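Structures follow.
The two complexes that follow have chain A in common; it is paired with chain B in the first and with chain C in the second.
What follows is the complex of A and B.
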C-alpha cells in the first residue's frame, strides 16, 4: 500500500482536517504525563508526537474505567419501573492518532475476550467498528520495553490502519497498512509526497535500530508446551509474590487487563448500572457470598495475574501471551516486581523440571 | 446488536418458603414479554443472572424444568445484598432475568444411560430441574434407571418436600431421602450422611453417570464411594459455584485456570477438574 512523506506541518494539517469530520483522539501532555484526549481543530498542534508512552494505556477509549450501561427508574409509580434501558453512547466514526504499536496490538489481544462466537460485548464491538487507528512507531524504546519478546515490535502494524514513523529530521513517513487506513486517506487526503527510496531506507534503518535496542527475554515456547499445573504448582510464586502489596496498579495500567465489575447506583428514584475496571489483585474480586474465597491468599492472586497472561490465555486462545511488552507494570510497580523476571523464572523452572 | 447484559423483565409471581429456618425461598418468575419467554430456551444445569435494579445481579441455578411452561423457578438462599432484598420482596415486584447462561448437564450423553443423582442441602435446585425433566412422560423413556440420593441436615431443611414424597412413591425412580439426624419419631426415610447412604444403597455404575451437587465436604466423601462403585471420573459430573458478574466469560473473575465457570461450566466432570488448578 502507499507510503508518503509528510512534514510535521503537513501532519498537523492532516489531523486538523480529520477533526472537522470525525472525532479525533490523540496523546496530549497532562501535567507531567501524557494521555489520550479528544482534540478539536485548535488543539491539533498540541499533539505530542515524541512522547515515550502514555501513563494509562488507550484501552480506556474502548473499555472505559467507568461507564454507564443501563438506566432505570426505581419508582413504583413509573410505568417502566425497574426496566433497564441502554444508556445512549456516541458510536460515530473516530480516529485515534499517535497510538503506540504495542497498545494497538493489545486491542487485538482483548478482541478475543469481548467479541466471541457466543457473545458480543456491544460497547466494545461498536467502538472497535467505529475506530480507525493511526499508529506512531517507537524509534527509541524505553529500557522497560520488551515488545519484540512477546510477538510485537516497535514498528508492529498488526493492530494499526496507518503507521507514522518519525524520520528524525522533522518529517514523518506515513505507511498505509490496512484497507481502513486507505479509506481514511481517501476521506482526508494526507498531502505530502510519495516516499522516495532514501526515506524508505531511513525507515528500514530506524526499524532495525529500534528492534536491536530491545533486550530479548528468551524463547517463550515452553509457556505453551508445558502443562498448566506444572506452572501453577511451581515454587516460584512464593518468591514472586513476596513483595507485592496487591495495590493493583499493574492491572489498571496494563493495556491487556480487561477485568471489570458491575455495580448499581441509585440516586432518589433514578438508577444506573455501571461497569468499572476491576482487578484480580483484590480479594473482593472472587469472594463468594458464603465467605469462601478461592483466591483468598496474596500468592493466589499474584499467580492468577501472571498465569492468566502467560499461560491460561496462551492455552485458551492459541495466539501467544496476553502481554505486549509495553513495560508500564515494570515502571510503576511500587515494589519493583518485573514481569520480565517472572517470565524468566517460569522458563528457568521449565528447564530444571526436565 | 443483541446486548447480553440486558435482562428480560419479569414479575415475581409467587414466593414459597422452602425450609423451616426460612432461609430458602423459591421464586416463581413470569416474563413480562412473551417473546422473551420464547427466547429463553434452556436445559437443566444452566443458570441465570437474577437482576434486581438498584441492588445488583446474582447467578442462580434454574430450578424449574424446560418442560414446565409459563414461569421460571429459582430457589434462593439468604446470603448477601441482593438475596436479602429478595427475601423481603413481595409478589408483584418487577425484576430481571438474564440468561440462560452456562452449559447444561451433558444430556446427549445422559440419554440412553442410567442416571444417579446425589444432592445435599440446598444444592438440589438444578437437580430438581433435571429430575422433573427426566420424569416428564415425553422424556422418561430416553433414560434408564434413575436413582436419587438426597439429604439435608434435618427434615425441615429439605427442599421441595411435597414433590420429594410424591417421587418417593413412584416406581420409575428410586429415591433415597436422608437426613443427618432427626428427633421426629414418625420420620420414615433414611438417617445418615449422604456418602454413607450412597454406599449403603450402592447404585450400579454400569452404563451410568452420576451427578453430584452439594457442599464441598459432602462431595469430598462421596467421590471415593462412587469410585469404589466403579464410576470413572469422566462419568461423575458436578456443578460449581463462583462469584460472577457478567455470566458470559468476559469480566474475568470466575476462572479456574483456563476455564470460566460461567461460560465453560458450571458443569464439569471430575476428569476435567483433575486437569485444572485446585482453586475453587
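What follows is the complex of A and C.
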C-alpha cells in the first residue's frame, strides 16, 4: 500500500483536517505524563510525537474504566418502572492518532474476549468499528519494553491502519497498512510526497535498530507445552507473591487486562447500571454470594494474574500470551514485581522439571 | 548508605544461623533502576540477596500485620514508627520482632529523577558523596542527592529508628524543619479554593488502591470501599466517589499516620495524597500534642479519654 513522507507540519495539518471531520484522540501531556485525550484543531500541535508510553493504556477508549450502561427508574408510579434503558454513547467515527504498536496489538488480544462468534460485546464492537488507528512506531523503546518477545514489535502493524515512523530528521514516513487506513487517507488527504527509496531504507534501518534494542526474555514455547498444573502447583508463586500488596496498578495500567464488574447504583428513584474495571488483585473480585472466596489468599490472586496472561490465555486461544510487552506493570508496580522475572522463573522451573 | 548492605547481610545471617528468627523481611535489588523489591529470607544461604540503597522507600512494616512467628525486619526510622503503631494496635507483638534499625538519610524519589532527565526511561543510576549520576538515552547527568529526596523525607524528623534491637550504623543527625508549610498554605485558602485544589489533585485517581495497600495501617480485613452488602462507596472515577475514598481513607489515618510516604510513593499517577494525611497529623499534634509511633507504651489520642484532654476545638 501507499507510503508517504510528511514533514511534521504536514502531519500536524493532516491531524488538524481530521479534527474537522471526526473525533480525534491523541497523546498529549497531562501534568508529568502522557494520556490519550480528545483533541480539537487548536490542539493538534500539542500532540506528543516522541512520548514513551502513555501512563494509562488507550484501552479505556474502548473499555472505559467506569461506564454508565443503562438507567432505570425504581418508582412504581413510573410506567417504565424497572425497565433498563440504554444510556446514549458516542459511536461516531473517530481516529486515534499516535498509538504505540504494542497498545494496538493489545486491542487484538482483547477482541478475543469481547468479540467472539458466540458473544459480542455491543459497545466494544461498535467502538472498534468506529475507530481508525494511526500508530506511531517506537524508534527508541524503553528498557522495560519487551514487545518482540511476546508476538509484537516496535514497528508491529497488526492492530493498526496506518503506521507513522519518525525518521529522525523531523520527517515522518506514513505507511498505510489496511484498507481502513486507505479510506482515511482518501477522506483526509495526508499531503506529503511519495516515499523514495532513501526514506524506505531509513525506515527499515530504524526498524532493525529498534528491534535490536529490545532484550529478548527467552523462548516462551514451554508456557504452551508444559502442563498447566505444573505451573499452578509450582513453588515459585510463594516467592513471587511475597512483595505484592494486591493493589490494582498492574491490571489497571495493563493494555490487555479486560476484567470488569457490573453494579447497580440507585439514588432515590433513579438507578444506573455501571460497568467498572475490576482487578484479580482485589479480594472482592472472586467473592461469592455465599461468602466463600476461592481466591482468598494473596498467593492465589498473584498466581491468577500471571497464569491468566501466560498460561490460561495461551491454552484457550492458541495465540500466545496475553501480554504485549509494553512494560507499564514493570515500571509502575510499587514493589517491583517484574513480569519478565516471573516468566523467567516459570521457564526455569520448566527446565528443572524435565 | 550503600555500605549498609553488608552489615544487614551479616546481621541477617547471624540471626538465621542462631535461629533467633524464622525469617527476615528486607529488600532485594530491583530488576530496574530506582526500584527494590521487598523479600522474605528464611535461609542463611539466601542472605546475599539482601540489599540496601536509596531506593528502599517501601515501608516494610506493611508486611507485618497477621504474620506469625519470630520476624527480623530491616527498618528505617519511619518503618519503626509504623511498627510502634502496629504494636499499639495489636497487629504485631514487639517481642515477636528483631528490628534491624537503619539510620536513614532519606529515600529518593524516582519521579524527581524523571522530571529532571525528562524521561521515565532511566538505564542506570549510581550514588556517592551526595551526588547521584543518572544516565539513559541521550542523557548522563550528575545531580544533587538532596534535590531528589522523597517529599516526606525532606521534612523527616525521625530519621533514626525509634525502636530497634540493633542498628546497622551510627545514628544520623536529625533534622530540624518546619513540617507544615504546605498545609498552612492550604489552610489559608478559601473554601472554594480548597475544593478546587482537591478536585484537581484527585481527578487523576484511577482507584487502584495502591496508596491504601502500600500503607501498613490499612490492614482492615474488609476495607470500607470493599463493603458490598450493601455497598458503602461508589466505585466509579467520578469526583464524588474518588474524593469519598480519599477523604475517608485519610480520616482513618488520624493519629496513626507517621508520614512514611509509602502511599504517595506507590501512586502510579503522582497524586500528592500526603496532603490530606499531613493535615490530620498537624491537627492531632496541635489538638492533643501527640506524635504517632514514637512511644511504644503510649496510647493513641483517638482511642483514649483523659479528663484533661484539650477541648478547645469542641464548639
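The definition used in the following text is that the second predicted complex is superposed on the first by the 354 of 354 C-alpha atoms of A that agree within 3 Å, B and C clash if a C-alpha of one lies under 4 Å from a C-alpha of the other, contacts with A are read in each partner's own complex, and residues count from 1 in each chain.
Heads up, the rule we're going with is that a residue touches a chain if its C-beta (ideal position, glycine included) is under 8 Å from a C-beta of that chain, and two chains touch if they have at least 3 such contacts.
Values in this document were obtained by computation on a predicted structure and should not be read as measured data.
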Quiz item: Overlaying the two complexes on chain A, which is it for chain B and chain C: clash or fit?
Solution: fit
Practice problem: Once the structures are superposed on A, label A:33 by its partner contacts, choosing first (chain B), second (chain C), both or neither. | Solution: second
Quiz item: Who does A:259 touch here: chain B (first), chain C (second), both, or neither?
Solution: first
Quiz item: Of the two partner chains, chain B (first) and chain C (second), which one does A:70 touch, if any: first, second, both, or neither?
Solution: first
Quiz item: Does the superposition put A:55 against chain B (first), chain C (second), both, or neither?
Solution: second
Quiz item: Which of the two partners, first being chain B and second being chain C, lies in contact with A:287: first, second, both, or neither?
Solution: both
Quiz prompt | Which superposed partner A:140 touches (first chain B, second chain C, both, neither) | solution = second
Quiz prompt | Where the C-alpha centre of chain A sits as vertex, the angle toward chain B and chain C in the overlay (nearest 10 degrees) | solution = 90
Quiz item: Should A:242 be classified as contacting the first partner (chain B), the second (chain C), both, or neither?
Solution: second
Quiz item: Given the touch rule stated above, what does A:276 touch, chain B (first), chain C (second), both, or neither?
Solution: second
Quiz item: Just chain B (first), just chain C (second), both, or neither: which does A:201 touch?
Solution: neither
Quiz item: Measuring by CA atoms in the overlay, how small does the chain B-chain C distance get, in Å?
Solution: 5
Quiz item: Just which bits of chain A does chain B share with chain C as contact spots?
Solution: 261, 263, 287
Quiz prompt | In the complex with chain C, residue positions of chain A that touch it | solution = 30-33, 52, 55-56, 65-66, 140, 142-144, 242-243, 245-249, 252-253, 261, 263, 265, 274, 276, 279, 282-284, 287, 330-332, 334-338, 340-341
Quiz item: Quick one: in the complex, what on chain C touches chain A?
Solution: 30-32, 35-40, 58, 62-63, 111, 114-115, 119-123, 136-137, 204, 206-210, 212-214, 226, 228, 231, 234-238, 265-266, 268-270
Exercise. Under the touch definition given earlier, write down the residues of chain A that touch chain B in their complex.
Key: 69-70, 72, 74, 81-84, 86, 113-114, 116, 118-122, 125-126, 228-229, 232, 258-264, 266, 271, 273, 278, 280, 285-290, 294-295, 300, 304, 307-308, 312, 315-316
Quiz item: Once bound in the complex, which stretches of chain B touch chain A?
Solution: 1-7, 9, 51, 53-58, 79-80, 83, 93-96, 241-243, 245-246, 248-258, 263, 275-277, 279-280
